[in-house]
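Chain nomenclature is as follows: A, B and C, assigned in order of appearance, with residue numbering initiated at 1 for each chain independently.
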């Protein structure tokens, strides 16, 4: 099976990319946005319904009732599960059918029924699901350090929804050059630490580095003291996790001297989950262990000021205007107008070496998954506290280190 | 030709279901909604235009002009037919071309032209059409008793339009269990007669019964006097006609003792017509021969009170909310979220025996039609008055009867 | 290769119609509507971006950046070209890559990159492009007389956009009968000259005439003096150019005696450009060499009065209503509801002889293009002033002339 770039962006069952992604726990929702009603969610091309029964257990079931196909999105949530509105079949969170009110009492029929169901775990405000081939024995759902409370401050954003292929977003993180070009005039670049990495006139050096979990992009600039360098790393944890140098030094105009130590005390972790080939969700977790008591309030205020600064002329009807000045909008313009990888004509150069490394790694992972081998990076070592960290260093360290 | 459930929901020419439906007169409009302008209507996947010429004759023609294909929806209605706006070709209701203003006077060309046309009949406020293989010699358009005035009160509702497959609606009527489950908390169940059949705690017995015209569902509960039973029947007249136990005893809170006689004096007849695989129209006729002078006004008031009673929470963005409490909305949620029969995964049990019987009957009818035999139920016997009735009994009769 | 009508309406690369149209310069925009921002435009199924660099040069490039596929619609316009927002690649109007800010200074990589680009010419307020097989050596872009200033008054309308196949519009001009039928009650027919050609009661004679550039439709009526005739010609210059008898004698209620000379001093030239099979653009140029100083102001006032006169009844929900009374809306109803030529069932008669001639001519042109021969009408002879005219005579001339 020769895997090409064309296999990467597809997510349906039976596709190279889809079968690879199905080996992992994927974020499918946030605790805060899961109310006391069923939540329709599409994951890897499958229509599902996410809910929490009245005992507090999470369930992720196929959306169409196993009986006659009515959508469980309109089901009633009960103590023991969710009940289809049409004929009242009651399913527990594992997909077992507990009641069929129209059947004779004592009937064994319900024991033969299985509603499609997927294992679900909740962790630090995010809800993860496993859609893979071994639902009875899924791989461990990793204890991501920023998600498991150990004294810092944590912020989980509401899910953001995008209407283009997930890999356009993912590979963008293996491409540091866009930072100082696309985002060079954004608010980030006006800030004390950020202007070290957002300047097109004096861009940082960078190198992609293979890691056990995937890869990272290491950006460096000469430090303010001899023999030191400023470092900003972006990590890509396969299959679809990111940690970017999105720190208070970049965003919140904190004193960059705070970074002159073992690195940032701020983590910005992102989980991408494809809905289908043309849509994905993005979940972000910020975790901060530093001394600022109101870091997230400050960040929120700064974000509010980071609106697009671009003047829109009266005759300008381009649908994505304005975008300049707001990093998120800039990314949507750049990635959302790309075709799927593998379908686009491209000309890659040396500055694309991060993207090239990532695609090669993903092609190998797809191939390994297709061959029944463990793809790279399924496992992250836990630290002494049983936690898993993506080691994206942001801070100052000895030059050449 | 092995017919499966997958053949049932398709309605285009050349499909099993479509060729079967083409053997019958189908309702395509209502008298009240046909104004003095052409009415675009899609029937069994064909784009047509329905109109009444100035002499009063009804026509149902192909929508695209036989000349160069402009839509007759924008034609002018005249004494003798409809005139295409582009070059003024005039067609009568039978599709003959009467005038071609741009051709030389006396030209014979128009005699060679035939616009697609279908026989149309008007009956009691409904307009029926026959799209089948024998337009010159169509089968008789049945004299449905509720449509032919003989002294009672009649109410024809405006056409209702649905955006899902017609058979989801049709087979729902062969499934009485949904009544006390899906509709169990609706307004109907709060009413004096209705609560006999809408209670999930004490549901009625039921049995599907094959009939010459198709089948009926007979629901029974013990009567209030020894040796009697309450009966509520729903009849399915193939291919797409329904009469449901939708009576004033159910809806209008009339004294149920009125039913202690030969049965209801109220008929609620329904005609389903597919526009295409994903849309259908529903035409309903209510006919009442009892003593209440203002039965329809009362019914209208009751229907107005039967709004969904469900509270919609501020975070609830589900598109079909609210639905609980209104029988029509409840049906749309249950049927409109089902995939086409034959495409859905299903698990049918004993309580689905009505649906199972109906599908088998329809598969056999499709097979018979495909083989050139007369499918079951094309003909209904007329009674002494020349009328055809679907015999859905609603009332009280001797137990075991 | 047997060309049929089905080959005519398709415009994509590799289709008969598309490869034929690619041999010609096509109008793709107007000078007035091209602002200082990139303009997304779809031509013959290709997504392009039209812009003018800060030195004033026009460029028409592929919309997706050759690097990683981001849309140049969001690019920055600079002195030397357009710059992709993602990584700052700068392209000049000929598609050469001038800068790649993320690559090492002195890198030769950009010399290997070619962005898709097409030759563009500006003429009298219109912008033409050539999407054909010989971009280095395109055929000459014709000096259309109405577009090249030589003393008269010129009016270029903003591009009009239509959502149906371009050939429905084009062949409509080879069909004079629709004028007095479809448009018979329009404002045009109420006017002094127009009522000679817009009357269904007394229609003009007409004949299609083959010409070196394509064909013309010659409409005639007896003149007001013996031995004279009124003449109104519509010319079709292959592949997609029109000049119709859309003159002040028709529109502006000028004294028809003004036409009793060598013909109209008014030209109404139209250029059709397909966006894809279901959309096209129409560019119109009016050029007037007569004595009226404010001809276009008068015309604008008259057009404003030519609104649809049709009453729309409250129950009339037909989407294209009203249309009667406005020639442009009438054309949209007639053409916009037609299917693509070759897909529609049709019955053509003697009055369709203009359309029949046109289709035959286009089929032959497609066949010639496919065979590598020069199709009819690629070249128009220039007159002594180096100008090209479509000779649509409108005026009075000797009968039989």
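By definition in this document, a residue touches a chain if its C-beta (ideal position, glycine included) is under 8 Å from a C-beta of that chain, and two chains touch if they have at least 3 such contacts.
All figures in this text were calculated on a predicted structure; none of them were measured in a lab.
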{"item": "Touch-based graph of the chains, sorted into line, ring, star, complete or other", "value": "complete"}
{"item": "Relative orientation of copies chain A and chain B, as a Cα rotation angle in degrees, nearest 5", "value": "120"}
{"item": "Same or different residue numbers at the chain A/chain C copy interface, by half rule", "value": "different"}
{"item": "Inter-chain centre distance, chain A versus chain C - centres from mean C-alpha coordinates, in Å", "value": "49"}
{"item": "Multi-chain contact residues (two or more partners), chain B", "value": "none"}
{"item": "Of chain B, residues touching chain C in the complex", "value": "35-37, 40, 64, 66-71, 73-74, 85-88, 100-104, 107, 109, 112-113"}
{"item": "Chain C partner contacts - residues on chain A that touch it in the complex", "value": "177-178, 181-182, 200, 203, 313, 315-316, 318, 320, 323, 330, 333-335, 337-339, 344-352, 355"}
